[in-house]
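The structure appears below as structure tokens.
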Amino acid sequence: MSTENYIPKTRLEAFSDGVIAIIITIMVLELKVPHGTDFASLRPILPSFLSYILSFIVLGIYWNNHHHLLHAAKHINGKIMWANLHLLFWLSLVPFVTNWLGENHNESWPTFLYGIVFLMAAVAYVILQTLIVEKHGKDSLLAQALGSDWKGKLSLMSYVSALGLAFINHWFSVALYILVAILWLIPDQRIEKVIEKER
Amino acid sequence: MSTENYIPKTRLEAFSDGVIAIIITIMVLELKVPHGTDFASLRPILPSFLSYILSFIVLGIYWNNHHHLLHAAKHINGKIMWANLHLLFWLSLVPFVTNWLGENHNESWPTFLYGIVFLMAAVAYVILQTLIVEKHGKDSLLAQALGSDWKGKLSLMSYVSALGLAFINHWFSVALYILVAILWLIPDQRIEKVIEKER
Amino acid sequence: MSTENYIPKTRLEAFSDGVIAIIITIMVLELKVPHGTDFASLRPILPSFLSYILSFIVLGIYWNNHHHLLHAAKHINGKIMWANLHLLFWLSLVPFVTNWLGENHNESWPTFLYGIVFLMAAVAYVILQTLIVEKHGKDSLLAQALGSDWKGKLSLMSYVSALGLAFINHWFSVALYILVAILWLIPDQRIEKVIEKER
Amino acid sequence: MSTENYIPKTRLEAFSDGVIAIIITIMVLELKVPHGTDFASLRPILPSFLSYILSFIVLGIYWNNHHHLLHAAKHINGKIMWANLHLLFWLSLVPFVTNWLGENHNESWPTFLYGIVFLMAAVAYVILQTLIVEKHGKDSLLAQALGSDWKGKLSLMSYVSALGLAFINHWFSVALYILVAILWLIPDQRIEKVIEKER
């Protein structure tokens, strides 16, 4: 048994919870209070609000899945800690791209950059997941439960497609971002089943 | 026993604590430091300060009740996690509407939107509570303890009334927001009693 | 044994930690990056930086003492939770008054308001401490340990004096704020001794 | 056994996690959304983004090492708590200097100040580590594991050199900051080995 097994996962979970909680909350600071006082004055911030909702949901999905993945994990090592920080890095850029997209919702580049950050976050999640599975063995219940990970693969493919589509019609990209969110809103029962089996 | 029972509630509590702690604290960033240096220069930010106090108290109430509700809960599932994120979403908008109301305290629309966010948060809380009760069974001590939930129903009715009143005289709405806060400042002894019974 | 005893103190501690951590950190957002790029361009933000240091230390003291007080506490009830939120409310205003003082360090009113917030936080701490002692009984080791609480009383008196002095020479007030901080930098060994005795 | 041993380290860890999580996340608020909507409009914020990445990694290293150090620690006292707050103070200034460096990446003084904050954080870490080792005894496994602490000493020397080099060619300083980060990216196996031995 290597020394690496001895890092407790509680502080990793607590730190990740803290960072995701802050990211999900500071986004609201970018919703600029309208100067007017009537209903019409809210209309200009509607795109910002809609991109806020989308980012809030995607961050909620990451927190949810991260929660499940770490719960299923038994062993943590230095590599996993850095893979986790790498994921948090890309998530930390979500407020920035959400803001740029919200203020320029009809433009290709903001739509593209939004997709880049989400693609990189998805890649970072796959790396984290792979390292955790590797640590637990190819035959572990966790590895079996994830199976082909079609959701993860489909998400990556959708984000890559969205990047190209952003320059044809950026609404296609936005539609794909929403579809990926819907895909993940269904909780990841694969890991829940593993937890059940182990009891 | 379904797989859904196995999600531990500690991270849900920790994440909610984090989000509510951040929301309650970043509101103060919207209190703009006055340009002048005398007492009179504080007067323009008085409405912002008063709406800050009201929002702080309401968020404190939510944290308090959330604390009690989750403490009484034994089982968590994916639906409950999303219902909780839904509640946090509406609470995350509190700094935005507090700011708009603070800067335009004599206007109907900011008062209306403030009420909308509080109404939706109250609805989200009822959904969360209903899902938790459902999970524990209609005959559970938790379900019995909540009883008719007259406080929840009265709050919803007050917020709905406040929305209409905002266009007649917005001070009526503000008065209702304050009354609902006072109503909840009394801690929810129903759940505390259940916890006692179970011991 | 009343129902009130059953609220666990862990979430109260976690929430307070979160709020104080956020308050102590967001203050740095108010340190405006200088427009120039030489050493002289840092001089205008020196007063802001010094008031940041003072507020950081005072918040550190509150966290430290709060940590000790809650650690010694065995029982929590609804009243204590609200007394704690009341304390957090006044602490949440520290970034605002720090900022106003930092930008107007030669003025009476910002110095006065800084003192008001610190006086109210001190009062809130005394209320919290009194409620916790009350809950544990006048003869409890906690009550004995706090004893005459001369530090708390001296702090309150100093802050009250500082309020008046702000209009004579505000440097007297600032000196008193610093003296109170130094007074508390020595850790509160009274409660540590109680914890020892109980073992 | 002195009274000082009785402070549990969990709240110290939780508070530090909270503060570092907030520092690492609020830095992104300083990445100003570009006014343009094309790829070229991102170019002006590239230096800010690169300094954000560097600061994110250094803060990640501090969190990682802090995590290991506290995990190895058994005893906490008042001095250690203040040494920890002292470390958090310098880390809290990272967003400020990152921002100044990002906006003026070709200038000596911002590069110098960035180095000052990192040097002081490194000094604060050494103080914290020394106090923890002192508390555990010169012959403790923790003390043995840290050994000569060549990494810590090399970092301090590099930062001091970087301060002087900032006025000759600031790119030398930046190169040193990056080299120190790479040096620490390798997880601190000394403490992990101690944890193993103690089992």
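As written, the chain order gives the labels A, B, C and D, with residue 1 at the start of each chain.
FYI, contacts are C-beta pairs under 8 Å (C-beta built on N, C-alpha and C of every residue); 3 or more make two chains touch, one makes a residue touch a chain.
Keep in mind that this is a model prediction, so the values were computed, not measured.
With rounding to the nearest 5, the Cα superposition of chain A on chain D corresponds to a rotation angle of 90 degrees.
Looking at which positions face the partner, chain B and chain C present mostly different ones, since fewer than half of the interface numbers are shared.
Note on chain placement: the centre of chain B and the centre of chain C lie 26 Å apart, centres being C-alpha means.
Measuring from the averaged C-alpha position of chain A to that of chain C gives a distance of 37 Å. Across the assembly, chain B contributes 14, 18, 22, 26, 29 as residues in contact with two or more other chains. Interface residues of chain C, counted against chain B in their complex, comprise 3-4, 6-8, 11, 14-15, 18-19, 22-23, 26, 29-30, 78, 81-82, 85, 88-89, 92-93, 95-96, 99-100, 103-104, 107-110, 113. Looking at the complex, you find that chain B touches chain C at residues 13-14, 17-18, 20-22, 24-26, 28-29, 31, 33-34, 37-39, 41-42, 53, 56, 60, 63-64, 67-68, 71, 185, 187, 189, 192-193, 195-196, 199.
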